[in-house]
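Should a chain be cited, it is by its letter among A, B, C and D, assigned in written order, with residues numbered from 1 in that chain.
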Amino acid sequence: MSTSNPSGNVLEVRGVSKSFNGVHALADVDLDVPEGSIVGIIGPNGAGKTTFFNVVAGALRPDSGHVRLFGKDVTGLPPHRIAHAGMARTFQLMRPFGSMTARENVVAAALTRGGSHKDARLAADEVIDATGMAAWADATSDSLHTAALKRLELARVLAIRPRILLLDEVLAGLVPAERAPVVDLLARLREAEGLTLVFVEHIMQAVMKLSDTVVVFDRGRVIASGEPTEVVADPRVVEAYLGQELTGA
Amino acid sequence: MTARTTSEEAVPSEGGTISRGGTSRRAALGRSPVTVTFALLIGLTVAALLRSGSTAITGQALLTGLIAGGVYSLLAMGLSLIFGVLDIVNFAHGAFLGVGLFVTYEVAHQTGLNPYIALPVAIVGLFVLGALIQLLLLNRTIGGSLERQLLITLGLSLLISNVLLLAFGGDPLSANLTSDPGVHVFGAVANLSRVIAFGAALVLAVLLYVLLERTSFGRAIRAVAASRQGAGLVGIDVRLVYVVTFGLGTACAGAAGMLIAPFTTITPTAGDQFNILAFVVVVMGGLGNVTGALVSGLIVGLVEQLGGVAIAGQSPLLGVFILFLLILLIRPQGIFGAKAP
Amino acid sequence: MTTTTAPPAPTPAPTRERAQSLKRSLLILVAIAAVAACAPFVLPESRQSIAIRVLIFAMMAIGWNLMSGYGGMFSFGHAAYFGIGAYTDTYLLVTFGWSPWLALVVGAALAALVAAGIGYVAFRYKLRSAYFALGTFAIAEMLRLLATNTKWVNGTTGYHVPLLPESSWTMLQFGANAAEYFYIGLAMVVVCMVVTLLYLRSRSGIYTVAIRDNEDAADALGISVMRVRLTTMALSAAITAAAGMFYAQYYTFVDPDTAFGSAQSVQAIAPAVIGGVATPWGPLVGALILGPLADLTVTWLRTPPAFLDFLTGRSGLDVVLYAILLIVIALVLPKGIVGSIQEWWKRR
Amino acid sequence: MRARNFVSVIAAVGAGVALVSGCGQGGASGSSGDSKVIKIGTLHPMTGSNAGDGAQLQHGAELAVKKINDAGGIKALGGAKLELDAGDTKGTPDTGQSEAQRLVSDGAVALVGSYQSAVSANIAAVAERNKVPFVMDISGDDAILSHGYRYSFRLQPQNSRFGATAAQYIKDITKSKGRPVTKIAYLHEATAFGTGVYTAFKSEAQKLGLAMGPEITYDAASVSDLTTQIAKVKASGANILVVSGYYRDGVLAAKAVQTVKPKLDAVIGAADGAFDQPQFPTDAGSAANGYFDVNYHLNDKSAEAKAFADLYQAAYHDKARASAGFAYDSVRIIAAALERAGSKDPGKIRDAIAKTDLNPLSLSNGPVTFDEKGENTAGLPVLTQIQDGAPSVVYPDNLAAKTIVYPAPVQ
């Protein structure tokens, strides 16, 4: 059932729910991501944001619902098939290939694009420069600190040339000074290569600055979505974040 | 059992893989492992009955299976502490059983009294030996790679059996009871010494259960089993727990050695044959689940004896290994659920 | 939103060698082969069997290291593949008169198939480290029991390779103590090393290490985890089967215990761990140390020093010494000899 | 970074080569060309699960060398002294082969060994390729000498002869004692040894018209209780149980029979590794009383055998077993061949051994004589019975040291 892509949406999520022995992590979630757009996902801890990424990227099989990528149904496909279909994701807790150097991590990712080792090495160099990793590219990745590892996650994912990228708190753990270059890089990628971005983030200025639309998760449900300024003002969102009594007073 | 790769607990170890949901068939079969195993034993008994055509033989196979199973449980319970709780792949466990055998021979030989007086000597002696080995050698390998730990325990097994060879020579020895009459149970029969070993297995299971579940030190052991780092954070002296728990494990092996001495030919390599069966029983019973080890030991004994009657021409051990692989694949937490994660 | 810095986890030796150009590794290999090639002239004739044992240990350790070192899939049942290689060779030779070289291809393919089957089932059911090891151990034991009770593979009598009147390269049989055995063995080790070095630099080889380091990340980046793992296991099994064939041809004898016994699995693990797991040269160095160790302890104890006189006439001392050395090396050098030398050099 | 790797590997390779050649020196110095010494290689399981038997065989060989050297060595070679070069097979075929190769390369003119049949089969292959004679003191498997080897000889009767002779002796005794055979149950370990003896026994028994009951097998390496197997014997109604197995499982069988108490006229071993051993009565206790075994045995009545037993007790403070006597005789055979050949050339020694004519310590149909396959045609299986806590020969009558007690019901 692979319809052509009439709606122009890169990613369509319909009625996805997932529960772990009784606990509803996701309940009937719908989400559309138009091509070339940047969607920010916010919500309190445990709202199901990372579970959502895991289901969409194929790491978890949804109990019900569908995920369509460029119009093609990819529900339940393993992560590597989805990656080849053009959607890649980073992890909230960094997962480097510890025994390899940062450069080797990126080359390994670039290799999955096919082509020769030389092409992969060239692609890797390009991404390393773009993400400003050149300084410590040849250190073994298990000796890197958080900021470097975040940069490495991003570089690895970019090396496989995705058309849509799921970023799970890529700014977390970065001091303000380190955030700006990453935010600029993401914006540049969208402009230059028409990359569609979906990112989970808690740092509101980044969300406000980058997102075309913002989607709010709370207890496994999408409780609001729309323009950043609009969504932030929505009472239900405030209540979700700040809790009941405060708003009631 | 989640994999303990070399990365610290904080970073989700590889074992913490985002599992793509257990396959549905596995869940169904996994839900009623006890009934499935029970059905298997019934099936084997019927097959043995048909093949031998005699209730006497099948009855004897059932009794001998249970009694022999008691021996496997005796050894497996000690290993369940070491492998199940401490996650140490101890391939020297059979050699510790061998030491228990020779301690019993030496005590019975020197004093000329009933071998059972050697029980306390074997337990204390093996506890000290085990504790020392953990303190001096294995404590350094905690969190280390699996293959290195395996190589060290294999080296230990070689060392112990050859020191015994040096000390006692290769000739077979024995520590018989003056009289070892047959105990008759519904027409089948078993030696008194074997029945005593079976009874001791039940007592040991109760003792270990009480130790693990009802004492504070037992709680410390289970905490270390759950998370080495977590236990350390709440003030448990992890190294001490390792030393004492390993000692308890080897003490169990020593007790097992003493209890089987009256019906076993004592040679330096006598314990080696029990090594792999002990691992099979521990995994089947569920890691760290001492009562699980007791029951799965009996199951292995029954499968071996009934298999020997039901299938001719193939070694009954083949049936045991097939059951073991099924458990590994479909019910890794063991028939009775692991206590250690 | 706790941020956890990635603590410097004690991962296996860094695999920067892969970035090292292939030419230099091959250069080292040629140098080692040259040094080893003169062994038959240096070694007294009576010691040839030790040199052959070193070569067999090396081949098995190279195979094991590929799967369990680089692939992180800790196998305690490599005797299964060793036995398949040995039995395929002797069965085809004794029953159909096939040349061992042809039988090697069949044996290696069969072992690779079995390894892929084991791998598929194991990873489908998510068997992890100690469980995977115990599972592979159980499979090797089952093959030993099956061989023991199967008539058409001669049960416990096993196979004797018939002695040919004259030497033959096609049938891989020469006079006793012939140097050809050593050279063929050495050539096979070199081939196994080249295959490993090439594989580690190939796409699949790099993915193997990536999967070992972090399976989810590799999967998410588009690496087909199952296919890569099965390829690595198949290649590892094929190399081990080659060692089985060479063993069967040199000793002209195979039975269930010598082919599938757990001693063979240990012989695949020990040299790699002593030498250095997940290093290209670990298995070679480990084999070079462990091969002669047993004989060295026997020779040294044939004229025991004074303080051991009370033990004269009692056997077992040499094995005690061997065991102690094994434990000490494994304890003192956690990363093995090559791994520790690298560690020491890095800190210099 | 690159240099380090090169250095680490070369350093290790250098150490390794030194190691290998180091033990090389040890071997090389041993093969001194001194003509005054003739080296004989011995290959026994000094470590591993059969270390006890290995020690007995090694001691038997050592005693023979001491006796021959004290009596002036090999006269035909100017009183040259014999010297044993010992190899430990560890009970495994590949170690057995490499040790055999080492001993031959170090100058052994002949080999003696090796207890386990699989190991001896390998040593026979090495002896054939190096053209050095190999005298098997103890190794029963018929297949060893079925490859047409010219350099291997076997002193003990091969397994199939024990099977056939056991059937013959049962026929004779049951007839002479008027206790006819209702059915014979056969319990044996499952590998080539047990199956080989059973097959020979069965074909002879059918020729003699003896009724064969159930064939019950077990895995000797892993068995820990034979009660179920003996329950099968009891259920079969057999009045004779024949057993072929190793020592450990022999003790288990005896204890199981004592527990289950099947109605048997006798328990008879066929080449059984336990029922004719001096320490069997101590290890099996009262269960052992009256047990028979058809096996090789020393001629207790001969002066040489008594002298050997006393010499062994004095030197090793342990009772000599029959197997030690066979190692003793094997060395005497080689010494006699050296005298006959008058040369150290292994080929000539081989031809001299083929013409052996020596009175052995063991019970035999006359002096040791080897047929073209290398089997000792004079080898004679005899029937022993445990009486008063010790095994003694009870049949054939002319060799009996004690009168047979038949039937010997289970106590």
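Basically, a contact is a pair of C-beta atoms (placed from the backbone, for glycine too) under 8 Å apart; a residue touches a chain by one contact, two chains touch by 3 or more.
Computed from a predicted model, the values in this text were never measured in an experiment.
A.B. asks: Measuring centre to centre, with centres taken as mean CA positions, what chain is farthest from subunit C?
C.D. replies: A
A.B. asks: When you take the mean of every protein CA atom shown, which chain's own CA mean is nearest to it?
C.D. replies: Central chain is C.
A.B. asks: CA centre of subunit A versus CA centre of subunit B: separation in Å?
C.D. replies: So the centroids are 48 Å from each other.
A.B. asks: At what distance in angstrom does the C-alpha mean of subunit D lie from that of subunit C?
C.D. replies: Averaging C-alpha atoms per chain gives centres 35 Å apart.
A.B. asks: Take the average of all CA coordinates in subunit B, do the same for subunit C, and state the distance between these two points in whole angstrom.
C.D. replies: Taking the average C-alpha coordinate of subunit B and of subunit C, the gap between them is 30 Å.
A.B. asks: Mind checking the centre-to-centre distance between subunit A and subunit D? Centres are C-alpha means, answer in whole Å.
C.D. replies: 75
A.B. asks: Please list all residues of subunit C that touch 2 or more other chains.
C.D. replies: 4, 6, 9, 11-12, 16, 148-149, 214, 216, 315-316, 319
A.B. asks: Touching at least two other chains at once: which residues of subunit B meet that condition?
C.D. replies: Touching at least two other chains: 7, 11, 18, 162, 165, 169-170, 268, 313, 315, 317.
A.B. asks: Quick check: what residues of subunit D touch more than one other chain, meaning two or more?
C.D. replies: Residues 47, 51, 54-55, 190 of subunit D touch two or more partner chains.
A.B. asks: Which positions of subunit A touch subunit C when the two form their complex?
C.D. replies: Touching subunit C from subunit A are residues 45, 57, 59, 78-80, 83-84, 88-89, 91, 93-101, 103-105, 107-109, 111-112, 117, 140, 142-146, 149, 156-157, 160, 169, 172-173, 202.
A.B. asks: Taking the touch rule as given, give the residues of subunit C at its contact with subunit A in the complex, in rising order.
C.D. replies: Going by the criterion above, the answer is residues 1, 3-6, 8-9, 11-16, 18-19, 203, 206-207, 209-210, 212-214, 216-225, 278.
A.B. asks: Under the definition above, what is the set of subunit B residues touching subunit D in their complex?
C.D. replies: Subunit B residues touching subunit D: 52, 54, 56-57, 60-61, 63-65, 67-68, 71, 162, 165, 169-174, 176, 180, 182, 188-191, 194, 260, 263-265, 267-269, 273, 277, 305, 308-309, 312-313, 315-317.
A.B. asks: Spell out the part of subunit D that touches subunit C in their complex, as residue ranges.
C.D. replies: 1-2, 4-13, 15-17, 19-24, 26-28, 31, 46-47, 51, 54-55, 88, 92-94, 97-98, 101-106, 118, 121-122, 125-126, 128-130, 141, 143, 147, 190-192, 195
A.B. asks: Report the residues of subunit C in contact with subunit B in the complex, numbered from low to high.
C.D. replies: The touching residues are 4, 6-7, 9-12, 68, 72, 74, 76, 121-122, 124-131, 133-135, 137-139, 141-142, 145-146, 148-149, 214-216, 262, 266, 269-270, 272-274, 277, 311, 314-317, 319-320, 322-324, 326-327, 330-331, 334.
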